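First subunit A sits with subunit B, and in the next complex the same chain sits with subunit C.
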Partner chain A sequence: MMRSILLDNTVRCVIVAFMALACIGLVLPNWILNNTMFGLARGLAVLGLLLLWRTGLISLGHSLYFGLGAYAVALLEKHTGSTDIILRLVIALTVAGVIGFFLGFVLRHYRGIFFAMLSLAFSMVLYGVLVKTEALGSTDGFSVSQTTFLGWQPASKYPLFLSIIAICIVAIIGVQFYLRSAIGYLTTSVRDNEIRVEYLGYSVARAVHIKYIISAALAGVSGALIAMSLGQVDPDSMVNWTVSGELVFITIMSGPGSVVAPFIGSITFEFLRTFAFEWAPHAWQLIVGGTLLGIIFALPEGLWSLIQRLWTKKGKVL
Partner chain B sequence: MQTAITVFLDGMTYASYLFIVSVGLTIVFGVMKILNVAHGGFYAWGAYSAAYAIGLAAELGFPDWFAFILIGLSSMFVGIVLGVLVERLILRKLYEHEEVIVILATFGLFLVLEDFILLVFGVNPYFAYQPMVFLGSVEMGGIFRDVYSLTLLGLAAFVAFACWYVLNCTKWGKILSTVIYDREISLAIGIDVKAVFVWTFVVGTMLGALGGAYIAPTISVAPGIGIDIIVLSFAVVVIGGMGSIPGALIGALMVGNLRAIAVHKFPEFELFVIFAVMAAVLMVRPEGLFAPAKIRRI
Partner chain C sequence: MNNDLILRVRDLHKSFAGIIAANNINLDVANGEIIGIIGANGAGKTVFVNMVTGYLKPTSGLIEFDGDEITGINPRDITRTGACRSFQISQVFMTMTVLENLLVAVSLARQDLKSLLKPLYSDERINECEQIMRRYNLTEHRDKITNTLSQGVRKLLDIAMAVVSKPKLLLLDEPTSGVSSEEKFDLMDLVVNALKEQGTTVLFVEHDMEVVRRYVDRILAFYQGEIICDAPPDVALNDSKVIEYVLGESRKSTYENEQTVRAGYA
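Take a look at the complex of A and B:
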């Protein structure tokens, strides 16, 4: 199984592309490097949402896990002083995964608009707590110190960039592995016909639950990485419902076609936002929102379908 | 005792305001099955256009009572212009899509409306205090309340009554109920469902804008006011039952009063309590507290 995953075309392309990106990263100007970092980190959360979307579920509350991951990093530093990357990631992953595990028991029975609304309610509960609690930083949040690597504190952001790339590769391989497993193949079947899946002897609720935990953990890691790259956590840009909306937006923009799509979509979004902000500081949301509407109307399968079309024209199949 | 009265009045005022905004959202959801995030944008547009119009009228020397007419006019203006444009140009093309994709499209629309405000009205806050000053304040049980906030209760009661009357006592209400109950059968018996949709959306938009326009004199109308209200209206609508008008009333009363109690007694739980109730309702009765239970796949 592991061997066949490594021979998988997508995975091989991903590894090559990310290696190339790691090398280019050495010479990239700072702002491009930063945007790529944010894009890749956010792409992890989008990857989790992509898994849910393939089952037909859209969560309007993944900022819950995104925020939990980010705040785990900040609170760890505040209470223990630790800034180590491994500790930070492990704690973010655990917190998000455990909360996802418990909430999953409730959410796995919900579909469609009810799933979206209940996730929204959960994430707003966290937002409400964070905004009103002084001990948790209130509306100001916390600043996050530079990440250390087993005691070593690098002068540039490049080591963090490399770590994000490594994590993305691991995540993509892991998710691909999951999608190729029996429970992963249920993904689209559940979307098409739940009753039939039940008759085949699988538990739909369990399949949805597992998927939900994976997506929660990915969002947690994503939040932690964003907090580390940004050096700052605050409720309005990490936990408010607009953050969830943004994540779902990138998911739709990327398209459900491939596990690589979230990263391409997310990096595109990051640059779109930077340029929009540069050109029209008061109208960047207009550009972003307009893009979203345009994609829903003109490109329902997302950016990935565009790439696919270009690729197949050249006679190659990815 | 005084605190109790203050909490009660605060709660009722806030509930009235939430009801006016949420009832528009719930009507649109009930008829068109669209959970409209852009409603927050309509609210903001109502607030901005009213604040702008009131400020302009005051500069031109119109009498203060004229502000109330302007509030009505600006919400109608926003409702008709934005409502028709959005329904015609965008929503109409989305009816075939999944409902969650439609939510996302309205989210995109919300972002567009937010920035459109900045382009039209600029980034500086607007203050339209004239109507509040005009009505003055009144003493109730030893505390002073401004009359303007109290008129909000009357407006909410009027909106609630109007909704009840239109739905239950007019031909329009019967047509609307038919469309809510079964879209295809309505088409089959000759109801122009498309026209019903346009009207519903315009009325829903108008109510959202009216909420914003009426609250504008009591707040500073600044960028981003639509962000908080839309998620609160979601809570209201979900608690009472999506698509139910009595539900919106009950939900607004609950959220308004819970918030008032929290603000005065446990300020750190102000937002927590609202969304905890929303989550609890969805967990226990996803169709909403006071909606009749029906068989539905969730």
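Take a look at the complex of A and C:
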């Protein structure tokens, strides 16, 4: 198993690139480190959306799981006082995965616009509940204390940065091997021809459900890591429909070509937004939207296709 | 149920908002038989195939496959019991290669989670797929994306995917439709020989009487949702009802002319 992991080109490149990033992180200015952390963390949710996209589905409601992950971290701290990274991640993953499991029973029967709108509706239910409930922080949300590592509280954000890198590597390897497995290939099979999948004796609904749970869990972890990096959770920045829209935006910008694409797209998005806000504080959305349009026209398969072209020119296959 | 019977259908009926698509269908199919289903458009042939394979639920009646009742069961459960089908319009994975299509089919045929979690490209599976490709003349198309292939090759792939699980019964819905006249007999020779080798019972819907006459042991002729003739080809194709309702006068004269020409050559 370990041998086949190390023989995989994508995995090898990811490990090398992320280790390099970890080293560079030591000398990076704080604002770049923060942006990279946000980009990597958000990339996990985009990775989940990529799984759904390859199945032919677009979710406009993944802020539900993103928000559940973030609020799980905040509420854990509020009720137990725990700020431990492992406990935070386990709770976020479990809450998002379990809710994804139950909602999946409904959503697995829908396709296209119905799937997208129904998922949006579920996320807006959570948004409404959070905004109206004082016990859940209402519109102000909660602040999140600095993360501890088995009782150790570091002086900088670097250990959290390293943890995010480690989690991203694990997620990339997991999803890469899932997509290369027989059950993973069902993503393309279901998108191409549901009838044939059923007549091969496998339940299309189950295949969609499995992918939905994985993507929900990834979004939950993503939300938790963003909450830890940001130190704050509130309905507008974690659960509102704009958060879902942003995730879909990054997914399209990244392209479906590789499990690495979401992270490249997500980091690009973070920096693009930062610079756009710096240059045009009142019209930054215009710059971000214009860039997406440019990418769609010039690179219909997303940013990843550009990297793929460069690698192919060098005679390498990623 | 008789041990030799693979399929038993009793009083099968299907109506759509009062319009009768299948009525009073009774049928026994023995193991290893090859049966041709003929009829004009709208006669109920595909409705019958769809009911047997679970795509449509019958309004009433009974379908037994290999001794078990399968009436109204969903397609995947029927597939798991060993009754598979191919389609009039090939149902393959269009953005995947021929090999990938077969690899997915082989993986799903095993129905075990451990096998599904293994990488799709395993040596064991590839070997199995290469055997299937050799049997169905697909080897030269191994790494081609399916949407670049001709209709005939897609049909073969569709059938190959349906038989990877070694079904006891295979229903083929117009296997030669959309296939050029030059390719038709090659395709049917290939398919029927492979299925006979495997001992699979075959029911196939077909409009080309030459194909039907050449390959089947028995013909079921449908008209207005009912079976109007169930007999060997020589009897069925000369039956007055079949000539009137299925072949039609023009088809009858064409068929008779073909027979005369063939007799002349002989």
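As a convention for this text, the second predicted complex is superposed on the first by the 316 of 318 C-alpha atoms of A that agree within 3 Å, B and C clash if a C-alpha of one lies under 4 Å from a C-alpha of the other, contacts with A are read in each partner's own complex, and residues count from 1 in each chain.
The rule is simple: contacts are C-beta pairs under 8 Å (C-beta built on N, C-alpha and C of every residue); 3 or more make two chains touch, one makes a residue touch a chain.
Fair warning: this is a prediction, and the values are worked out from it, not measured in the lab.
Peer 1: With both complexes superposed on chain A, which partner does A:199 reach: first (subunit B), second (subunit C), both or neither?
Peer 2: In the superposed model, A:199 contacts subunit C only, not subunit B.
Peer 1: Check whether A:111 is in contact with subunit B, with subunit C, with both or with neither, and answer first, second, both or neither.
Peer 2: First partner only.
Peer 1: Does subunit B (first) or subunit C (second) touch A:125, or do both, or does neither?
Peer 2: It touches subunit B, and subunit C stays clear.
Peer 1: Of the two partner chains, subunit B (first) and subunit C (second), which one does A:184 touch, if any: first, second, both, or neither?
Peer 2: Only subunit C is touched by A:184; subunit B is not.
Peer 1: Kindly classify A:12 by the partners it touches after superposition: subunit B alone (first), subunit C alone (second), both, or neither?
Peer 2: neither
Peer 1: Using the superposition on chain A as set up above, list the residues of subunit A that contact both subunit B and subunit C.
Peer 2: Looking at subunit A, the two contact sets are disjoint.
Peer 1: Going by the contact rule set out above, which residues of subunit B touch subunit A in the complex?
Peer 2: Residues 35, 37, 90, 93-94, 97-101, 103-105, 107-112, 114-116, 118-119, 123, 227, 231, 234-235, 238, 242, 267-276, 278-279, 282-283, 286, 297-298.
Peer 1: So in the complex, which bits of subunit A are touching subunit C?
Peer 2: Residue list for subunit A touching subunit C: 4, 177, 180-186, 188-189, 191-193, 195-203.
Peer 1: Where on subunit A does subunit B make contact in their complex?
Peer 2: Interface residues on subunit A, with respect to subunit B: 56, 58, 60, 106, 109-114, 116-118, 120-122, 124-125, 127-129, 131-133, 240-242, 245, 248-249, 252, 282-286, 288-293, 296-297.
Peer 1: With touch defined as at the start, can you tell me which subunit C residues reach subunit A in the complex?
Peer 2: 53, 74-76, 79-80, 84-85, 87, 91-96, 100, 103-105, 107-109, 111, 115-121, 161-162, 165
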